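For reference, chains read A, B, C, D, E and F in written order, and residue numbers begin at 1 within each chain.
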Amino acid sequence: MTEWIISILLLIGGSFVLVGSIGLVKMPDFFMRLHGPTKATTLGMASLLTAAMVFFSTTQAGVSVKEILISLFLILTAPISGYIMIKSAIHHKLESIERTKGKDNIEGDF
Amino acid sequence: MTLLWIPLLSLLGSLISSMTGKLTRNQSTGLTMLLPVTALLMTINLAPAVFSGDVIRETISWIPLLGIDIAFRLDGLALLFVFMILGIGILVIFYARYYLSSNDSMPKLYAYLLLFMTAMLGIVMSNNVIQLWFFWELTSISSFLLISYWWQKPEARKGAIMALTVTGGGGLALLAGLLLLGDIVGSYNLDIILASREIIQAHAWYEVTLILVLLGAFTKSAQFPFHFWLPHAMAAPTPVSAYLHSATMVKAGIFLLARFYPALAGTDMWFILVSLTGLTTLLFGAYVALFKHDLKGLLAYSTISHLGLITLLFGLDTKLAAVAAIFHIINHATFKASLFMATGIIDHETGTRDMRKLNGMWRFMPYTATLAMVAAAAMAGVPLLNGFLSKEMFFAETLHQQLLGSMSWLIPVFATIAGALAVAYSARFIHDVFFNGDPIGLPKQPSEPPRYMRVPIEILVALCLLVGIFPSFIIDDILTAASFAVLGGYVPEFEVALWHGFNLPLLMSAIAVGGGLLLYTQRRYLFQFQASLPSLSAKKGFDDSIYAMTKWCQRKINDIENGSLQRYLMLIFLVVLLFAGGPLFEMSQVGGQKQLTPIDVHNAMGAALLMVGAISTVIWYRKRVVSLLMISVVGLMVSVAFTRFSAPDLALTQLTVEVVTIVLLMLALFFLPQHTPRESSSMRVVRDVGISVTLGVVVASICYALITRPLESISDFFIANAKTGGGGTNVVNVILVDFRGFDTLGEICVLGIAALGIYKLLINLPLFIPAKDSEGRPWAKERYPILLASISQSLLPLALMVSFYIFLRGHNLPGGGFIAGLVTAIAFILQYIAHGSNWISERLTINYRKIIASGIAIALFTGVGSWFFGKTFMTTWYDYFDIPFIGEIELASALVFDLGVYITVVGATLMILASLGQLTTNASKKEVKN
Amino acid sequence: MRLETRFKWLPAPLLSLLLFIVWLLLNNSISVGHLVLATILATVIPLVTSPFRIKQPLVIKPGLAFRHLMLVLYDIVTANVQVAILILGPTKNLTPGFVKVPLDLKYSMPITILASTVSLTPGTVSAEVYPGSESFIEGDNSEQRFLLIHVLDLKDEQALINTIKQRYEAPLKEIFAC
Amino acid sequence: MIQNLTFLPILLPMLAGVFLLMPPFGTNKKSRRFASVLLSAVTFLASLALLLKVQADGIQVYAIGDWSAPFGIVLVADPLSTLLVCLTALLGFVCALYASAGDDEKGSFFYPLLHFLILGVNGAFLTGDAFNLFVFFEVLLIASYSLLMHGGDKRNTRAALHYVILNLVGSAVFLIALAILYGVLGTLNMADMAQKVALLQGDDIYLAKIGGLLLLVVFALKGALLPLHLWLPNTYATAMPVVAALFAIMTKVGVYSMMRVYTLIFGEEAGELTHMAQSWLWWLALATIAMGAVGVLASKDLRKLVANLVIVSVGTLVALVAVQTIEASSAAIYYLVHSTLVTAALFLLADLIGRQRGETSDRITAGPPVSQPRLLGVCFLIAGIAVIGMPPLSGFIGKVWLLKATLNLEYTMVFWPLYLLASLAILLGVSKAGSTVFWNHKTKVSETLEQKRVHPSQLVALIILISGAPLMAIFAGPLSEYAIGAATQLHDFNNIKVILSGGQ
Amino acid sequence: MLDTVILIVFTMIGVSLLLNVWRLLIGPSLPDRILALDTMYINSIALIILYGMSMGTTLYFEAALLIAMLGFVSTVAVCKYLLRGDIIE
Amino acid sequence: MELLYASCVGLLVTCGVFLILRSRTFTVVLGLTMLSYAVNLFLFSSGRLSLNKAAVLGYSSEYADPLPQALVLTAIVIGFAMTAFVVILAIRGQTDLGSDHVDGHTPNKKSTQNKKVKV
């Protein structure tokens, strides 16, 4: 039973991570590339870590829950690193593809 | 202890006279003369014993293990020289008192003179050849000081250096020779050496030894071609010349020939080398002397010539020749000393020594003139004077040799020619100075010198006459004793007498005198001929060669030390390649016996990533930011590798260090240009690639060779004792804080010192801040993005928590003080990035210097603590305590030590970044707390 | 709303609670020893780090906060599935866009939380907060603030703005009572 | 305390370094100077006490953490290492004293760094563990980096940059060498290594050889042996002279390590690898001597001159190390002490002379006269005679000794002429420099000011160093006994058992 | 079964790492590369966790934890550099 | 796998040495960092490679050689200190000598740094 849970969680996590990285390569401009890693990867990691949690709690003596911490850190930091990266992208005046709406919402460097 | 006192007294004299600066000239002179006179009296007291044929010895142990002792020895030869050194020395001191002008420092001259006297006495009385060399070199040093007495004059400086270089060089040769001699004989003791002639001359090194010793002798006694320093030594005050070039310095060389005559002489090599050198010097000196306009110049070259004569005599293969040599040593000393002094008077009274100006001095100083002329006559070898006698013997001996086989008749011929030349320059000295019309533009109006200035000359001239008229009466004892020493206990029948009847030598003398006078009368033709020759100055030659050599050296040095770091690095890498590559080829096979572990997919992938990272770092090294990102891939992969190969502690350390390094490099990047210009030629790039690839291959093969071999190491001990001895289950950490905690102590010292050094480098360094980035964009306005600021402030407590956790578990599980410290530091770095260093320094008012110091101190004192339990430094202690409700906890001194590590790491890291950050922050010079 | 707690020794109760839990998580244990240690750390660390905290409104309604957290977690999951689909699907018919969301929040911490939530949920990533930190005064009412977000596939701008404001900003305003 | 005597030469400088960073010394100049000089003096006395103890009870082995060799790190105090420790401590004391005249304030942390440098050097001399040697090398290096920049100017920065980068590469090589040796021998204790090397077989021998040769690279770099000497002249000539004087001991660390490694580990008993580095050492040393002599003749200022003299001394020492006989080693030991003291003295002298010659500084050209010609002149004369190797000072004994020790070698006929010519070059170079600096005056007006006169503490420091030359000559008897004793210990393979058995 | 699953996921992570490197290499812009690196950090966490699971040991957990914390810091540092040049001002 | 490991080390050495031989301080620093990676891996491998044998008692039956790990840890720390110092020295060189060339002066003066303003 637990083996199933673990396997499923692992597969979900792995595929999300993969999807994030695919997005990183596939998307046409930087701003779109950013979405993959900041979201998909976060969730992917979360489920991988949950898998690990279940795994170690069952295979080894006592529950192992500290993997939650990693997820916590990722959830705290991922948005901010995304934010700071977009900031620098905007600062570097990276081109977003033409069909991007509301480019004028970007205020110039302030 | 009398022997020892003789040199010692003159040494003391040197000290005393150097302290007579306050006294009057007479007092100073008196005091200075006191001790040498005493020494002379002591010597006279010893003389009878020596005359009766025994040798007085004294030895004090100095460096027994090197066979170097303080050993003195007084035989006939030594006695003769001691008499000359002291006697003439005293006269010179007396003379100098009147010679020196009031603005010349008398104590200085006296001190140097007596120092020199000491050295000479040491040479002649040494019974240990190393000690002999010791004093030999001392004469070089003290003569350097004497010659450079008037150091304001460039010729004095040059003359001194020239003398020092030539005689010093000779001295080195002599040292080599003496060491060889000592090695051949098995002792440096002179007695033994003199006694083992057969061994020496049979030994394979005899020739080398002989040449080296002769080099020493010839340089010192100004033999051709080493003569050139002597004329330039005339820059010294005349009393000094009178001393150095009549009785002492140059005679030291002659003494050496005499001293080692028993041990080294007797072979054809000796005869050929010595006699030919002597002959050449004799003729050369005599010839050049004729053309010197400077009185002292004339005397200098005549000295060279006479030294040649003596040398030649030592080179003639007859016993009597040696006797004659010794006899002439005495004679030359007396008349040459008096001549120098006379010259000194003339110089002193007229202010010049130029014979073209000096004329008709007879009228102004008849008395001095008489003295000078007598002495000159002795130099010329006129009958009734001592010079004549030795000259006779010399001529006689030249007839009794078969050196040049069928050409041996050449030597007497040359001897006669030399005699003639001697007569000629003596005649010039007399006529040109004292007669020959009126003086021309003298600086001073000449007159007789002060009465007592003449006394020394009077004494010496008297000696010339006495010896010349009643030779046997005056000279026999000392001459016999000296010859006895030189000829090794055998003295041939000889009779120094005025009249040997009509014989060949007498005829030769007659020819010499006649020819000499003729030469002098007809000198103008000779001078014209000489003028037509190209003039070559030894001094110029010497200076030029020194200059050329210096320039050559400077060129070479500039070529080699061209200040190019790349070259230096290249050299290192090449040497490494050579040393590491060489033995690699000697190996039968690189791979070992250990069976290999198969490659699995994630290792392959990790390796791939690592390689890609490394290569692209190199590819993009001109785009610095990019290369930085690439190298951090490498760093990440290295730490992944550490996890893969069961080294969690290393992985953690690598990761934390990685981040701090990146931050540092980012800072560096800001102040350094962001692009690397294209500089190195493609040729060079190819070369560098070649070297680095080869080096890589070599290291790789060594690494492969290592890891494919089985290893039994001391590590099992650590695994076995980690828990029981160190009280921890994380063996790596136990090694770091216990088994090899000493390394860790040193390591945190390094870290602390680095921080101090970095602060030192950066403190109020005027930095230029780029206003735009490499693409010329102005920097963003927003300094501290809001979201970043607020998230980092909530991350700080979490990070501290984690670091505390890592610190605490370190002893039993991966972690420990260092990693914990870096995690803490990084947490603060994040604050620095998010809020800037002012904001931090307002809130974090701690002094990093003290933090570092206390960190190291804690670690150190934990170690010292074990002393109080009678254990050695850093002997750790741990125990388990059972606390109610909480349960068993472990307390270990290692943990305190690790705390020290933690504190040092935090302090050092923050100090580094704080001082860097402070550089750019607000111009208002708010200094970072060091 | 409140910026200060009643007790000096407990400047940030929620943080302390978080730390307490984190310690137990790290050590995978709830032994008495660790409970004691956790309590100590949970009180000491906030005190030590308090100088580095800019005063922020405290959580007034923990219950609501928890419910909001659960909601966000749920959204994260759903949003990620959508994004995954968007990524894997053809990119040519994606219409990305930048949207400026006017903010009622006045303090940096709530704004940060909102921005993070936005970044983690529907295909949106927070890009900027206007005006920037240079002219940002905590709790200042005078100036209208905006959150610039990048949307992976922008259909209806106004709808998106409304969702964000109602679904995420409003609860935060309640939780922090600001 | 007495049983911990062996540890004091390491503990005291570390304590000193730490204390001097703490209040009141961290802030108060006067107290810092006083404390620093005092502490360095104490270190010296402790080292002296250790030396006497070793003389009395023989070789001392100190197991740190009570973990005996080969598992733990042990300090080994034998006659040689303690002698060098004393020398280091003395040098430290002298430099502290000299710097207290004002040089210490030309940058921050002078005194702590000085003591940390002493710590590193003493550690390197005393440790019996190869990796620990590396650690102490790094300690002394990092301290030297910082000291090099003390009161630095632009030339100095460049030299420092080169010095640091080269030594970083050197450290990398050191680690690789250690890795190889550990990977083959499975131990880090040098005595244990020596034992294991003898038992090697097959290809392991060559791996060990690589390790040993790479160590040679490291030591050659530290000791400034050709062709890795190129960093030295500029580094020493641009460093502040008091620092350069202190550095006089650092090249000796390299030489000392060569002595240890190539007589202990790869010495008589090393089986296949016996004397493996000997011929390398020998020829490189000869080249170094020649190079140094050329440099001496080429030098344009006093400090460069002295730097090149250092190079010559290194070459001489390494040549003696290569000879691998007790006599040669003892000559090396005597010469090492002599050359260290006299070169240090010359650096200080160059500084004092430079200060008194205004713009001309220590350049070997006509310039203004020094304001204290007699004092400096006499000092220079003494130091000069000593370094040239003329009687009556220590130099000539060293010269006689080393020539004696190199007699009857395969290559004596190469070494003697080379060495004697080098001595002649030094004679010429030094005498020319001296006569030019002291006697050849361009400008009559001496712009040397009153405060440019030698400070008392500088004078004392200088005299302490210079008096070494006559004293080493007068007491050459006992000193030669000591040196030969030390050399015998150095070559005595049985010491390995002593070390491994913890000194019993 | 679990081992095979782990192996599969390993390969997934591996592929995504390679994708990251690809982006890292081709860029084109600096932010792109930074993003790639940041993602790489996170993916390597996954790698380590998986490794821990396959080996059945928790010894490598802290490594993962630190990457999670520190990857963020270095990303922030690089971005701050791009924005302001001076990262500690 | 041993071969793979060794060649990784070799590659790192190659890249490091090449970078060290460049003429600009920053590149040299990169090279030194790379070289120290190589050296650390090399030193680490002197205890041989072992999978899942971390030297933590009770976590496996047999253990990897802990000694090289400890040595590498020390080496990493020292290397970090040294790198930090040389980085700062490079900055100092840039300001003192006006160029980031390792010899303090560019052979050709054309390589101009981007425009500077004094703080």
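The rule we apply is simple: a contact is a pair of C-beta atoms (placed from the backbone, for glycine too) under 8 Å apart; a residue touches a chain by one contact, two chains touch by 3 or more.
It should be emphasised that the depicted structure is a prediction, and the values quoted were computed from it without experimental measurement.
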| item | value |
| --- | --- |
| Intersection of contact partners for subunit A and subunit E | B |
| Most centrally placed chain, judged by C-alpha centres | D |
| Higher-contact pair (C-beta pairs counted), B-D versus B-C | B-D |
| Distance between chain centroids, defined by C-alpha means - subunit D, subunit F (Å) | 29 |
| Separation of subunit A from subunit C, taking each centre as the mean of its C-alpha atoms, in whole Å | 17 |
| Whole-Å gap between the CA centroids of subunit D and subunit E | 49 |
| Distance between the centres, which are taken as Cα means, of subunit F and subunit E, whole angstrom | 21 |
| Multi-chain contact sites of subunit A, meaning residues that touch two or more partners | 20, 22, 34, 64, 66, 69, 73, 76-80, 83-84, 86-87, 91-92, 110 |
| Interface hub residues of subunit B, defined as touching at least two other chains | 563, 565, 569, 573, 628, 644, 648, 667, 669, 699, 706-707, 711, 713-715, 718, 739-740, 743, 747, 750, 753-754, 757, 761, 769-770, 773, 780-783, 785, 787-788, 791, 794-795, 798, 802, 813-814, 916, 920 |
| Interface hub residues of subunit E, defined as touching at least two other chains | 17, 30, 34, 59, 65, 69, 76, 80, 82-83 |
| Each pair of chains that touches, named by its two labels | A-B, A-C, A-E, B-C, B-D, B-E, B-F, D-F, E-F |
| Interfacial residue positions of subunit D with respect to subunit F in the complex | 131, 135, 138, 142, 145-146, 149, 153-154, 157-158, 160-162, 164-165, 168-169, 171-172, 175-176, 178-180, 182-183, 188 |
| Touching residues (chain side subunit F, partner subunit E) in the complex | 51-52, 54, 56, 59-60 |
| Subunit A contact footprint on subunit E (complex, rising order) | 1-2, 5-6, 8-9, 12-13, 15-17, 19-20, 22-23, 29-32, 34-36, 38-39, 42-43, 45-46, 49-50, 52-53, 56, 58, 61, 64-65, 68-69, 72, 75-76, 79-80, 82-83 |
| Contact set on subunit E toward subunit F in their complex | 55, 57, 59 |
| Subunit D to subunit B touching residues, read off their complex | 1, 3-4, 7, 11, 14-15, 17-19, 21-23, 26, 62-67, 70-73, 107-109, 112-113, 116, 119, 123, 131-132, 135-136, 138-139, 142-143, 145-146, 149-150, 158, 161-162, 165-166, 169-170, 173, 176, 179-180, 182-184, 186-188, 192, 202-204, 206-207, 209-210, 213-214, 216-217, 220-221, 227-228, 230-231, 233-234, 291, 294-295, 297-298, 300, 385, 390-392, 396-397, 399-401, 403-404, 407-408, 416, 420, 423-424, 427-428, 431-432, 435, 438-440, 476-477, 480-481, 484 |
